[in-house]
Amino acid sequence: MTAVTVWNEYRHEREGGRAAEVYPDGIHATIAEFLDERGFDVRTATLDEPEHGLTEEVLEGTDVLTWWGHEAHDEVRDEVVERVRERVLDGMGLVVLHSGHFSKIFRRLMGTTCDLKWRDEGETERVWTVEPGHPIADGVAESFEVPETEMYGERFDVPAPETLVFASWFEGGEVFRSGCCYRRGAGRVFYFRPGHETYPVYHQPEIQQVVANAVSWAGPVDGPTPSFGRSADPPERE
Amino acid sequence: MTAVTVWNEYRHEREGGRAAEVYPDGIHATIAEFLDERGFDVRTATLDEPEHGLTEEVLEGTDVLTWWGHEAHDEVRDEVVERVRERVLDGMGLVVLHSGHFSKIFRRLMGTTCDLKWRDEGETERVWTVEPGHPIADGVAESFEVPETEMYGERFDVPAPETLVFASWFEGGEVFRSGCCYRRGAGRVFYFRPGHETYPVYHQPEIQQVVANAVSWAGPVDGPTPSFGRSADPPERE
Amino acid sequence: MTAVTVWNEYRHEREGGRAAEVYPDGIHATIAEFLDERGFDVRTATLDEPEHGLTEEVLEGTDVLTWWGHEAHDEVRDEVVERVRERVLDGMGLVVLHSGHFSKIFRRLMGTTCDLKWRDEGETERVWTVEPGHPIADGVAESFEVPETEMYGERFDVPAPETLVFASWFEGGEVFRSGCCYRRGAGRVFYFRPGHETYPVYHQPEIQQVVANAVSWAGPVDGPTPSFGRSADPPERE
Amino acid sequence: MTAVTVWNEYRHEREGGRAAEVYPDGIHATIAEFLDERGFDVRTATLDEPEHGLTEEVLEGTDVLTWWGHEAHDEVRDEVVERVRERVLDGMGLVVLHSGHFSKIFRRLMGTTCDLKWRDEGETERVWTVEPGHPIADGVAESFEVPETEMYGERFDVPAPETLVFASWFEGGEVFRSGCCYRRGAGRVFYFRPGHETYPVYHQPEIQQVVANAVSWAGPVDGPTPSFGRSADPPERE
């Protein structure tokens, strides 16, 4: 059973307003609930816990980490970012959600600015499945709408995804590479655009299906641990 | 100087109607003209010429071939398709335009159906530059509109492009991978979506810029000619 | 449970000599046996059966097809090749083994010659795992040897693999991209180099592990079936 | 004319011994000389110059930067690394040579450890051209030898290259992805394995050809400068 840690900044929802209404127990609670219902072994962690809830022990027991952050990316401590990065390179999956594009961990793994265009006017997004044969498209429709959401538009300054699974259309005239697969070290990374703190995107079944698929896909593989550094003898003489 | 052969089916434009008005001398004449103005060494070839104008000699002297076809894909003879394919594998560039997605040569090089969605109601297309650092984006804006055009929508059944340079937004709600780079053998292939027989798309400066860039990019390289088959002696003992 | 059809040309082994000794019941029997032991639902099919054993019904019930052929590629009927291709585009996995690089089905899906260098002098091959985090590397060592085998060397004239999982070193001085992943339509294709009719390669546990992993990886996904062709109404107005 | 800055750590060569004999004026002098002979506009910069010779002004005037470092990667100041990274994302090309795989700038752009195996026993390397149609293979043979060199072996812990142009074979039994293309932001990055401080690798004509090709390929393109951040109005209403 895949062990998932759902990480959330958990600030907007405690500040009251629309975020508190849509996600009264935090975005992480909503995500954890739908993953739990689908049979994953789920725990949560948030920014204001000690070590942001991401101790060595927690990460060691995590197969896939999901990441949501927005207004407090800079408060995530560098040593925790590095710890997460090392676990990803070692094989842990990472699913980065929406405004997590600007998280330290995603930018660190991509090497680029991860910048984009945005406009928050409640426009309709239509998500298109570009690769219907990919595991993350399992049970997903050819296209589906997010009725009201923030727009993200190209240029999305990331390395070209190894596989592009979804692309989004926005009412106002933009497109976006919405579902992007990467491999870093032995770990797999999936960026999924939809999601926001004040729109009920994570309550939408299609979105839940994609996030669950991404978690399944990103789980670690029992492949070889490469040896690095000085290789004393040519292998054929061993 | 890059030697370009502009191939056109050249049927719609001779049937009168809107196509004859927009492209009175054929789409190939329009394309040839703007390539000639940009300094390429251009000739044209059309379906109803002997061997479709694509003799061994013509292909031998062609660095990059551009392809426009629509209603008569099936009339292109298989031996000519194979001849073009061999030249591409040997290093000739191929720029496939709009409805050329269903040409025998493109389908043969891709291995897939190359099918897509379409709707011809004169909708607006907005082309977004996804890879601003790619040579085919040279001198192109971040986004530009084709005011009235036929819609092509995903799923576009092609192998994932090695580089995706442009993506399109359509008024009616679809997105499309509009500028797709491939390598087949020693040759480079670029598929570019915009273009149609009854809309003046090839008269639009932005489109002309992209097609010219693609021709420059797709030109052959003086790389090694691989040897294939039985390799009698281990190379280090030669 | 993944339903696998193991296809084999099955000519060398019936001609006597070394192939008959190494694979007395055919290469397909050996492959079917180790896949069966690993829990797959396996059947076999061979060239000289009616319709090469690949009827509509058989293919309809096949999740993943493995392919071994060598001296009789040309005897595979074009309509069967097209039938297999359509099933791959529809989602069936295809695992192409060794000399299958020159099969009609692989060349048709790749669009290129699929040519390479070869030398059959019983050299040692060392297979290196280039992507240790890929599912096809599950349980595989960082590198392993095939003690005596035929050499295949670059240039391998295929489109660049979407993921390169293994690369081989040969005693005589060549390298080869030995484990290549592709997506065609909704189907996944894996090419795996090792294997031969007169060397006991398919009796080797490491090879069996990779083939089994590839079969698991290539299985179909329950993704959306795209609609193609005329899309009458803009989707958001439906 | 492409403006190239050849950067070198320039420590080994000043410590005497073999490095001083092979590259008496520094590796940068050798590289600068062969690039100058091929018509590039070349300057050099080294670690011990103020700001490592990489001031804002120098970088602003640089189209392509080549990078050689080995024993003093840690002495490169972080603000200079960040300055180089920003220029790459802005469009400057970067050609990373041999032990530069462990430079701060390459690791920062890749997001991974960039670790590998090595053994320095003067083994023969055979470089194979995997993509003969790529511009970096222009004028290069199908394969060529580096007679005596340090071995680098897989697993090379980098993101999968967008294009793999060369792969190396080593006498002792290893393989390596030797010529790797990446795009980061608007800039292009090429990693080329051959080269060492005590072997005369950069005096070898084949190596010089590849480095010169890489510099040509990596040069900036006059593409659009994307706008990022808040996009106030839907573009089609502007």
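Lettered A, B, C and D in written order, each chain numbered from 1.
Everything below uses one rule, namely that a residue touches a chain if its C-beta (ideal position, glycine included) is under 8 Å from a C-beta of that chain, and two chains touch if they have at least 3 such contacts.
In this text, all values refer to a predicted model and were calculated from it rather than measured experimentally.
For the pair subunit C and subunit D, chains touching both partners: A, B.
In the Cα superposition of subunit B onto subunit D, the rotation angle, rounded to steps of 5, is 180 degrees. Interface comparison, A-D versus A-B: the pair with the greater number of contacting C-beta pairs is A-D. Each chain's centre was taken as the mean of its CA atoms, and the one lying most distant from subunit A is B. Centre-to-centre, using mean CA coordinates, subunit A is 32 Å away from subunit D. Measuring from the averaged C-alpha position of subunit A to that of subunit B gives a distance of 36 Å. Shown for subunit C are the residues that touch two or more other chains, namely 126, 129, 131-132, 142, 153-155, 160, 162-163, 173-174, 183, 185, 226-227, 235-236.
Chain contacts in this assembly form a complete graph, since each chain touches every other chain.
Interface residues of subunit B facing subunit D in the complex, by the touch rule stated above, are 91, 124, 126, 129, 131-135, 137-143, 145, 162-163, 183, 185-188, 220-227, 235-236. Residues of subunit B touching subunit A in their complex: 126, 128-132, 142, 153-156, 160, 163-164, 167-170, 173-175, 177.
The touching residues of subunit B, counted against subunit C in their complex, run 85, 89, 108-113, 115-119, 123, 151, 153-155, 157, 159-160, 162, 171-174, 182-185, 226-237.
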